[in-house]
Amino acid sequence: MALTSLRPCGDYRTSYKADQTIFQTRLTLVFVILAIAALCCTPLFASRYVLSLMIQIGYLGIAALGLNILVGFSGQISIGHAVFFGFGGFASAFLADKGVPVPLAIVLAGLWTTVVGLIFGLPAARVKGLYLAIATLAAQFILQDFFVRAEWFTGGTHGAIAAPFTLFGYDLSGDARYFYVVLFFVVVGYIGATNLMRSRDGRALIAVRDHYLSAEMMGVNLTKYRTMAFGISSFYAGIGGALYAHYVGFMSVEGLDILFSIQFLGMIIIGGLGSIMGSLMGTVFMVLLPEATGWLASALQGSAIDQALHLKDGITYMREMLIGLTIILFLIFEPDGLAHRWRLIKAYWKLYPFSY
Amino acid sequence: MQSQLLLQLIINGLIIGTLYGVVGMCFVLIYKASQVVNFAQGEFLLIGAWTCWWLLTAWNIPFFWGFLIAVCFMMVFGIAVQMIVLRPLIGEPIISVIMVTIGLSIFFQALMKWMFGTFAQPFPPIFPVAQVNILGLQVQTAYLMSTGVSLAIMAGFAWFFKYSRLGLAMRATAFSQQVAQSLGISVRQVFALSWGISAAVSAVAGVVVGIVNGVSSALSYFGIKVFPAVILGGLDSVFGAVVGGLIVGLLENLGQYVDSQYLKWGNLYEIIPFYALIIILMIKPYGLFGTRDIERV
Amino acid sequence: MSLPAASAGAATGVSALLDVQNISLRFGGLKALSDVSFHVRPGELFSIIGPNGAGKTSMLNCISGRYTPSDGRVVFDGRDVTKLKPNRRAEIGIGRTFQNLALFSHMSVLDNIMVGRHHLLKNNFFTGALYWIGGAQKEELEHRRKVEEVIDFLDIQHVRKATAGTLSYGLRKRVELARAVALEPKLILLDEPMAGMNLEEKEDMARYIVDLNEEWGMTIIMIEHDMGVVMDISHRVMVLDFGRKLVEGEPAAVLADPHVRKAYLGEEDLEIEEAAPAAVSA
Amino acid sequence: MAEAALKFEPAAETAPPLLSVDNIEVVYNDVILVLRGLSLKVPKGQIVALLGSNGAGKSTTLKAISGLLRTEDGEITRGDVTFMGERINGIEPDRIVRRGIFQVMEGRRIIADMTCLENLRLGAYTRRDNEVKSDIERVYEYFPRLKERTGLAGYLSGGEQQMLAIGRAIMSRPKLILMDEPSMGLSPLLVKEVFSIIKKLNQDLGVTILLVEQNARVALSVADYGYIMEQGKIVLDGSAEMLATNEDVKEFYLGQGGGEERKSFKNLKSFKRRKRWL
Amino acid sequence: QSINIGHLADYSGGTSDVGQPYGQGIQDTIAWINANGGVNGKKINSDFNEYGYQVPRALAAFKKWVGTDKVVAIQGWGTADTEALVGMVTKEEIPYYSGSYSASLTDPVGKVNAKSERAAPFNFFYGPSYSDAARAMVQWAADDWKKKGKPGKPKWVHMGANHPYPNSPKEAAAEYAKSLGFEVLDPITFALTPGDYTPQCLTLKQSGANYAYLGNTAGSNISVLKACKTAGVDVQFLGNVWGMDENAMKAAGEAANGVVFPVRTAVTWNGSAPGLATAKEISKISDPSGNAYRPVHYLSAICTALYMKEAMEWADKNGGVTGVKIRDGMYQKKDWVPKGMDGVCNPSTWTATDHRPTTRVDLYRSVVTGPTDASVADLVKSGAIKLEKVATIDLPRKTELQGW
């Protein structure tokens, strides 16, 4: 993971403040604002299918960002992210059911999930690396079991109904309106994470990942940061899950399985570990991949190729295989993730034509 | 009555535990050579089982030969997978390689469904006696076979890593591919070998499970089931994988006992290994036999 | 090579900043340190030398908290720190560098050094995420200014934004020093700060260390194998051999000790004899 | 007759060098250009020293030769590395080892979770002869301390690890050893020993050595020939004697500028003169 | 002019063993409808979506259908995705025909009784709900116990994973069993995937249960049946609709012998009924040779698709093919059998207050004699695999039993 700083030359700052901004150039800032503005307009013309994909990318992206903070920034792999996502969903549904206004319920659910994440993060004080990863697998199974058991909380195997999102009595539950809700959380969540990573505790997280022994001797409390990473990651997962629950209106333990957890891992690895925007890029990739292969499959269905090769059902399997294959090929050609390629492209254009 | 049940559960736990141990060793093998946790391990089991099944049913080959061919095929298959997919990733971040194994798992899962259908298929009867009585417990002959084969494989592995030149090379590769290469170790060869052996051994386990339960895609779930066993024993310890397997096998069975007799929780069987896992890791962060990281500055 | 008068004065009257009392350290059968005692006075530049594997690094590890001695006490600034966790020791003023580089290799040089200021910063997860609102920005910028001072001092402005892992060995060592300095420690432990440097760079490094000691007023314990540097800049030297303290004293006296010459420098060494006046040409 | 021919010096001189690096350019991460047209030759049976300041690209040069560059996202974008008449750039590092080039990497890089003995055995990985045992004894003879340390190599002290790294190179019995700062972290006594071992390897076993070393004085004392590099280029080369008497080298690498006395580290000026060859 | 519908199927995910024949049945039937006059001349344009049993993908498919394709009905599949979509389906007013027969989908009003959770006015399925099927098996077990003249209270036990799908009928069956004088034992849990379930079988044996309900899908049920046979457990097994079929019988071999389970159609593929001719026509769509043996799920898929078709026809004649009208179309007939399917599809009735299609359950016993290493078609032909009807249970259609 050779992340070279590829900041272009000829880019001068006159104050430390200017040097510490999120956006390295004014252009980037303008670009980001424009992008958000453009996103705000999408509901006006995009179909609900497109919107729903974007909403999906939104809430999954928030959760993926949480996982990236844990895996990419603090260096602790988790194979149980889906249950924290689920916990957020259940918690928010539960709170809303008890009469808490939904927007507040979502935030509280995030905090509640944080607490749960902290508890399951406790082993991180002692356990490291893949051992820890498999310990999180235990969280996956134990919480899944808990969801089924805790009827008071999750409605048990029946699942729980999540109230629609309303703000000051205004119903925001249709795709077009819910889109803004998700967008809001995404923007806030991503900016928050960016800020976090450039301030004290974010740096400490990365330090712990890169060299925990020396980090400790630089005054960083290992136990605290290792555990807190789980807390933050769960917070994001919880918010993502809560947004999901109120989008669908229903939360069930089914689907919160290890496959889902692995998908989250896929998102951040493909997007780029330790990259905030990478989390979003990876989510886009993982959400669109099955859709894209679906379009391909339906285009093939009944086509000449299909007829000639007698594919029939084969197409559905080929589609799955294509998903697997794309992931494999992608990683072979871009093992450092989308964010890395993105950085290289940016560097290339800024320095063009003097690439070296 | 109850103690009889307990006894039978313990025996069953040990027998299933060896099977977990074998699959666990396949993980350990790949981990030791490359620090990669292979999420496609379950699919290796599956492909091995389907291959053997196909040889037996479509070609009417006697079991012994079919089994042997399947194992050899899987060896070649493992090497091929390594060459095509993992070789380009040598030197890349481990986590990316792990993700690739997840991609492989998705790919082969679908491919197997396409080739062999979605229904579970039974193996033709293989052993003249389908079950054997051990201390009152009826045990499938296939499980006994697997126990025997497993013990042999375990002994082989233990020797391999301790004494052979290649075993050393594998450990060096796992430590750092760069260093290994600087010593003249061909990382490609080491990987090819570990994947080949791992796939071949998985095939053994796959066939056994296939004989007992029929072959179906769901068989690949075994790959994940074995995680706690591997971690309990210590990710890089062959012996640990075996012990871990036995512990998980026993825990499951004892969990079922405690659950059915006293707790009445419902699925202690499934999750008790995970509770045990957390407890053991808190006491021994590197599993029972895993080597600790060197913490020196 | 006599000590400057000021330091010499400091070396007598004032009580010790660091007092290491009868430390022993055991690894299984191996005794890495046996019954070593010494003290370092405020403002002193104290060197530890000794053959490879003598226990020098282990000694630093006992002081900085990486290892807990099996016997003995470490008293820092009048406080028994023997059982204190390493991060707490950093907070009360012990900084260090490492023999094998231990930078945060994926972070920029700037961030590496900022981590050094971890215990001086106050913002947390919450205010950090809010950044503009909770005053985190103000604090970060203030500390950035301090960090820039360190960067200027160590002449690493040009790699400020580079990822630490891609720097060459010598620069990394310098960044490591910067990180330790940013901690604003009272006592700084340097483990072979000049390994892998050529003469010119050693000169630079020596100058930094002397400046830290004299101008920034930091007390320094240094492990170094380059006798020239040790003799020239340290106030006192301790020699370890096989985990035992061989001698301790002023550089010239230590150098003259026959045991030291035998165990460490090599019997018939011309080079060292002339280390003070000049070196033999190749 | 044959012996006489071998001793005939001019013939040896015209013979192609064991290793030659011609005008190579090395780029990291597709964007960072580190070596800018570097050439050097290492004649068979000689010790060649490569000197230069931090970040000049010495380690990069060695990695370019041994092929390890590609494991760090680096690439030779131009030029050739020729070993025994064959072009070896682009070949897998492990193949290069089997051809007889062994690199002692910067920062020791011993295998921490193995014992000393196992590390040494791995050094001999590419060998198939049965003298491995006696070679291990030889290494133990050079570095008796290694024999005492039976635990994992990761727990060795820095200097002990350095000994192990050198021992590993001896175990591989290559034609050419690339040594990256072998004296780093060694006590004065051991520095001397290591260099006498290097000399012995070269003389007794005929191993050719390319030596990157910061301790210029010692390096030039054992080397036959030397190169000095700055910013990815060779700026000066010549026989060891010649370099040792060069005024610039004397001032900046040996610390005896202008023939005066060695300066004390204590009283350096912060505005001292710097020299750059460019 | 055509009618857009969506079709969600699992061919590659966790339930593909039953999802594949069911999905094939739907696909074939739609194609056959189009080839035979469509819906009053209008073609059905079905968008097939294989979602690998993953809820997010089902969600995306649903949005595409309502957003872009403007579908008027959906052929769905699993419990997880169906339940996740209930709210949206209701809001969008799109009839949703699921493969999940969870009783919670049968309450169109919401809270018809204390146990019913929520309203699902646009959810439909064909066949008895999981709960009713389980109740019927309890009923049968009670009769069986009496018939065999055994002494004492019979013991009933629920077996399955602790998941929404296997758990769905757990409570219903337990209550019913208690009311019929059973002793209800603690449920025994086993995962949805194949594995070694010897401990469960030993527990089962030790508990002395007489009737064991297997709530999982076929794959793991096979493991249990085999393990229990090895362990020598003497229990009457009862299977869920998706837990046993011809393929599972073949895979389990003699271990599956004697399992009693509900079959949704009046006949199986090799039975005789006038409607089977139509079914075989439909089957030719994907198997022109006409030799394929179709398992029970295929037949019920045909029925499901044909109900939808006829509801569409009604809608078309009564104001246009819209979601609401199709739903109303479902309410038009009593004891409804789709045209051409006589003797295959069981008469079903949906009303605006009750979406239980039927409370009459046909129970079959699987009979396996001899080895099963041949194709299912051959095994059925040779009689090695047989489905034997054992009883038809008529449960009272009570509101108290609706929705749970």
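So that you can tell them apart, the chains are marked A, B, C, D and E in the order they are listed, and the count of residues begins at 1 in each.
Please note the rule applied: a residue touches a chain if its C-beta (ideal position, glycine included) is under 8 Å from a C-beta of that chain, and two chains touch if they have at least 3 such contacts.
Nothing here was measured: the structure is a model prediction, and the numbers come from that model.
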Chains in contact with subunit A and also with subunit D, listed by label, are B, C
If I average the CA coordinates per chain, which chain comes out farthest from subunit B? C
If you take the mean of the Cα atoms for each chain, which one ends up farthest from subunit D? E
What is the distance, in whole Å, between the centres of subunit B and subunit C, each centre taken as the mean of its C-alpha atoms? 49
Averaging over Cα atoms per chain, report the distance between subunit A and subunit C in Å. 42
I'd like to verify one number: the distance from the centre of subunit B to the centre of subunit E, where each centre is the average of its C-alpha atoms, in whole angstrom. 35
Which residues does subunit D have that touch at least 2 chains other than itself? 28, 32, 72, 155
If I count partner chains per residue in subunit A, which residues reach a count of at least 2? 1-2, 4, 145, 149, 213-214, 217, 313, 317, 319-320
Touching two or more other chains - residue numbers and ranges from subunit E: 11-12, 20, 162
Provide the residue numbers of subunit D that touch subunit C in the complex, in ascending order. 28, 32, 51-56, 59, 106-108, 145, 149, 151, 155-160, 162-163, 181, 184-192, 214, 216-218, 220-221, 240, 244, 252-256, 261-266, 268, 270, 272, 274
Which residues of subunit B touch subunit D once you look at their complex with the stated criterion? 91, 165, 168-169, 171-172, 175-188, 291, 294, 296
Write out the stretch or stretches of subunit C touching subunit A in their complex. 64-66, 85-87, 89-91, 95-96, 98, 102-108, 111, 114-116, 118-119, 121-125, 127-132, 136-137, 140-141, 144-145, 148, 161-163, 165-166, 179, 183
Show which residues of subunit A lie in contact with subunit C when the two form their complex. 1-5, 7, 16-17, 19-20, 192-193, 195-196, 198-204, 206-207, 209-211, 213-222, 228, 232, 274
Which subunit B residues qualify as touching subunit E in the complex? 1-2, 5, 8-9, 12-13, 16, 19, 57, 109-110, 113, 117-125, 130-131, 137-140, 209, 212-214, 216-219, 221-222, 225, 252-253, 256-257, 260, 264, 266-267, 269-270
